[in-house]
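There are two complexes below, and they share chain A, which is joined by chain B in the first and by chain C in the second.
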Partner chain A sequence: MIKYIAKRLGQSILTLFIIVTIVFSLLRLMPDEGYLGAAAEKMSLEQQEVYLTNLGLRDPLLIQLKNFYIGLFQGDLGKSVTYRTDVPVLDIIQDKMMYSIVFGLGAVALSLLVGVPLGIFMAQFKGRWLDRLGTGYIVFVVAVPAMVYFLMIQMYISDWFNLPMLFDEYNPKSFILPLFCLALGPIASYAMWMRRYMVDELNKDYIKLARAKGVTERTIMFSHVMRNAFIPMAQYLPATILFTITGSIYIESLFSIPGMGGLLVDAIQRQDNNVVQGLVLVFSSLGIIGLILGDILMAIVDPRIKLGKGDSVR
Partner chain B sequence: MGLFTKEIQNISEKSNNQLNDHLFEFATVDDAKAEETAYSNYSYWRSTFRSFRKNKIAVFLLIFVIGLILFTFIQPYLPDQKSPTQIYINAETGMQDRNVAPNDEYIFGTNSIGQDLWSRIWEGTRTSLFIGFAVAIIEVIIGFSVGALWGYSRKLEMPITQLYNIVDNIPTTIVLILMAYILRPGISTIIIAMCITGWVEMARFLRNQIVILRDREYNLASKTLGTPGYKIIIKNLLPYLISVIMLRMSLAVPAAIGAEVFLTYIGLGLPVSEPSLGNLINEGRVLMMSPDLRYQLIFPSIVLSVITIAFYIIGNAFADAADPKNHV
Partner chain C sequence: MEQEKILSIENLVIKFKLRGQTLTAIRDISLDLYKGESLAIVGESGSGKSVLVKSIMGLLDKNGYIDSGQIIFDGHDLSKFKTEADWLKVRGKKIAMVTQDPMTSLNPLKTIGKQIEESVILHQGLKGKDAYEKTLQLLRDVGIHEVERRYGQYPHEFSGGMRQRIVIAIAVACNPQILICDEPTTALDVTIQAQILQLLTNLQEKYLLTTIYITHDLGVVAKVADRIAVMYAGDIIEVGQTNEVFFNAKHPYTWALISSLPQLGIKGQELYSIKGTPPNLFKEIKGDAFAPRNQYALKIDFVERPPFFKVSDTHYARTWLLDPKAPQVSPPEVLLAFFKGEGQ
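Right after this comes the complex of A and B.
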């Protein structure tokens, strides 16, 4: 087990390194204005050139890369250029992260509480109206671009229930709509997966045997089907949880929550290369950690899986 | 039965005529009759079509979508249509026809600078569907090529798997944004940005299918007969994969349309002069706060929702129909 985790960790660090290098190189392709900020208009072309050289941007790519990694190991992601001039990127991200974590974890809790039972009931009443209703909901949420129903919710539900349209830190009622919106998607996917795995499991022979033996429907559902159906979900759970921490770009900017997702959009629109770079680093790390945790969790809940043998593609 | 009638006749004749010369002729092979025994009435595509037809909703939506696509092309040539990009000036006041609520002249009203929303929606639908289909087709081509190499060639399996693990770990949103950020805005940029992220899933999906199929007996037989690899992939594997490829394509279209909305929202989409559904929704969103103007958001939203849901349902119905397990 420990050997497996160590191996996975090593692989992941390598992957992370490659991703960051690729993103770093890609960002060098972007226009130089991203480093000049508001000062660009006041400077002559020569001054701009000197400024960029001082920043190290005229060095060969490999040297820039080396400097970036040296900075990274010292916990320095560079300074913001246009977003909040000269504030270290790490500080900006730290400020924003709290909001995203609160909303992300809240939404995951809500969607697990609603989505998993919904999936279970849908599987149990397969083909009946509850199943149809749930399927309709899932199709709608999965197929229609999220933007559309988020806007509708913001427009109408805020009116009907008299809820504030925008986020306000000091007004607990303003947490409701963003949380609700954030949970809509995950509820649909949890319900969909749960239903599919449950239905698969229900068709297996051992369930027929259990029924023939006279085991009660409740025992079959809870101690046989659900337990087995939960295993494939376990693999993706940590990744989805960690991913919600990065914040939803839509929701954070629609409800003006000062979180990380909105920050990415802001930084891109203001062409703040250093902030974009830092955020990509954080997002990819979270994604990779999520995948590792998923594999480990899966091994814990499913005793049949022996780690280390055959690194198959998920 | 047909094969043996002659023999039975012969035998019955034998009792009458005793032995005759006819019995001592060599038997010949009749190709047509040999085929007859191995022939089954089952046709994959016919069964698929038959099961698909049972799903009334999907059939209705399919006809609806085809009609819609045709309509987006016919619409500019219908009488009394307005240009999607021209700003209309009111003849009486000499002012632009801004934010005119839906009426006889402007079926869906006008937008905040006086353009006709009806024609903009159809122009936008055309653009969005074009993006959707272009992305879906390119994704399938790249995805199938990579997936075929990945699944079929044992030498390439490890390197591509490693590559996949890297590419798959980069958050899609970020790649999408970065590409759109680096390249200049335009339809081709959007298509490229989406294909760069989209083919990965497609390749993995097709690879898994190919791995399942590649060691089947008939492929082994082809291989031992000396069929080159590319021929096995194209002639043996591709026909099997057509149904899943079509399923993925029909799901890729709404996904691409949604991604376009997203890119437009964060300011990396098409320029406003090129209407697309994402553009229209974004324009409508700005005016969301005044209830009288909400029609500018609601109309494009309805069109968008209907199209994406239709594609999704058709795709899933087709996947069910294409699965031989569901054939009678």
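Right after this comes the complex of A and C.
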């Protein structure tokens, strides 16, 4: 197990290294304006040249890469150029991330609490009205463009329940609608997958044997089916949780939450190379960590998976 | 030898609703099971063997139902059972089942010990340490070594034969009166088959079980069964002691079945197979269901269902050939040789 984790970790660091290097190189191929910012217009070409040289951008690419990694290990992602001039990229990301984490984790918790039981009940009452209702909900959420019902929610539900339409850090009530909107999609997908895996399990032979030995339907559901159905979901769970940190562009702008959602788009539009670089690093690390955690969680809950060669039986 | 009836099926009719149509899977079957015996139900796929035993355990698929007839067991008519609570008094507790495919019959995420213990706790009223000890005892009984270590292992750590032993242990753990073995060796290697059958026979003696084997493997039947019931298209067409059915078969379908044993084939010749296909169960069957495929069929076979003709006290066959008015027909040559050669 430990050997396996170490191996996966090693692979992931290598992957991360490759991604970051590629992003670094691509950004160096972009026009130099990305490092000059608003100051570009006031500078003559010679001044620009001096400025860029001072930033180290006229060094050979390998030297630049080396400097970049040295900075990285010291926790220095460089400074923002245009987005918030001269503020360290790390600070920008940290500020915004807090909002997205709060909303993201809240939404994941909510959708797990609602979606998984919904899927379980749908499987248990397959073909009956609850199942149809749930399926209707899933189809609606997946098929109708999200902005349509997000807007409806913002306009009407806020009115009916007298909830604030926009996010306000100091008003706890204003957290409700964005959380609700964020959870709608994941609830549908958790319910859909849980139902599907439950139905899969229910049709397996071991359920027949469990019935034949006189186990009640209730016990079969709870002690045999549920856990087995949860395993395929376990693998993707950490990744989905981690990715909530990156925020939702649409919901954050709709409720004016100062989260991560729009940051990448903004940074690209404003040609703020350092922020883009930092964000890509964060996003790809999250993705990779999510995958590893998923694999590890899977190995913990499923005894059939013996990770790493050599310690399997037979 | 007068034997005590333990289970009695009378005029059972089972139907299935399928896409608006009704299929008759079991057509008016009567069958008695005697205490301590082992009965084999043989027949080709789709003949209704599995449906029959599933109905005894209340495990019919949701679209299947008992149309008429009764299943008398332990003073109750099982065909009247509707609720889960009713069935749980019988299912597992008094009638247990060994399922067909050991590779998929165990929950992959529970240790085999826990899976056996679930039965022990449910049906033997034991708890904690007692249940654990009993589970180890059962593991030993089904021929598993190093039981303490094996207790904590998962199904994927066992071979097919070992898993079938565990499935058997689960069934025996229920402490049943009747053990139903649904093709217990079909999914196993030939070398393992004999061991599993031997194990089942031993357990039958040790725990005083009455067993029903469902199989299409006549080799299995010959090894384990006291009595045979041959099924065709949802009906029992011949029933008798194993010797009688093997070596004095009366129904042309039984002849055909035995003729298709590879052992009876002659080298260089094609193996015998029954021509045609079984009847469509969605349609009402008139007369003898086997008649259209039967080279010995009489006119009346297409008109009226034959009754059970008595061959001996224990041996009955549903074929008009046994009617006193029927022409004398002798079984195929190959079979005659088989009857003579091994019948004595």
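Just so we're on the same page, the second predicted complex is superposed on the first by the 302 of 314 C-alpha atoms of A that agree within 3 Å, B and C clash if a C-alpha of one lies under 4 Å from a C-alpha of the other, contacts with A are read in each partner's own complex, and residues count from 1 in each chain.
Quick note on the criterion: a residue touches a chain if its C-beta (ideal position, glycine included) is under 8 Å from a C-beta of that chain, and two chains touch if they have at least 3 such contacts.
Worth saying up front: this structure is predicted, and the values here are computed from it rather than measured.
In the three-chain model built by superposing on chain A, chain B and chain C fit together without any clash. When the two complexes are overlaid on their common chain A, residue A:264 makes contact with chain B while staying clear of chain C. Once the two complexes are laid over each other on the shared chain, residue contacts for A:147 go to chain B alone; chain C is not touched. Once chain A of one complex is fitted onto chain A of the other, the partner contacts of A:113 are absent, as it touches neither chain B nor chain C.
In the superposed pair of complexes, A:50 makes contact with neither chain B nor chain C. Of the two partners chain B and chain C, more chain A residues are in touch with B. Look at A:212: by the touch rule set out above, it reaches chain C but stays clear of chain B. Residue contacts after overlaying the shared chain place A:133 against neither chain B nor chain C. Shortest separation of chain B and chain C in the overlay equals 11 Å (C-alpha atoms, whole Å). In the superposition on chain A, the residues of chain A contacted by chain B and by chain C overlap at 313. For chain B in complex with chain A, the residues that touch the partner chain are 161, 164-166, 169-171, 173-174, 177-178, 181-182, 204, 207-208, 254, 257-258, 261-262, 265-268, 281, 285, 288, 294, 297, 301, 304-305, 308-309, 311-313. Taken together, the chain A residues at the contact with chain C in this complex read 204-206, 208-217, 224, 227-228, 231, 301-304, 313-314. Looking at the complex, you find that chain C touches chain A at residues 57, 59, 84, 88, 91-93, 96-97, 99-101, 104-110, 118-119, 122-123, 153-154, 156-157, 167, 170-171, 173-174. Per the touch definition, chain A reaches chain B in the complex via residues 11, 15-16, 18-19, 22-23, 26-27, 29-30, 139-140, 142-148, 151-152, 154-155, 246, 249-250, 253, 264-265, 268-269, 276, 279-280, 283-284, 287-288, 291, 313.
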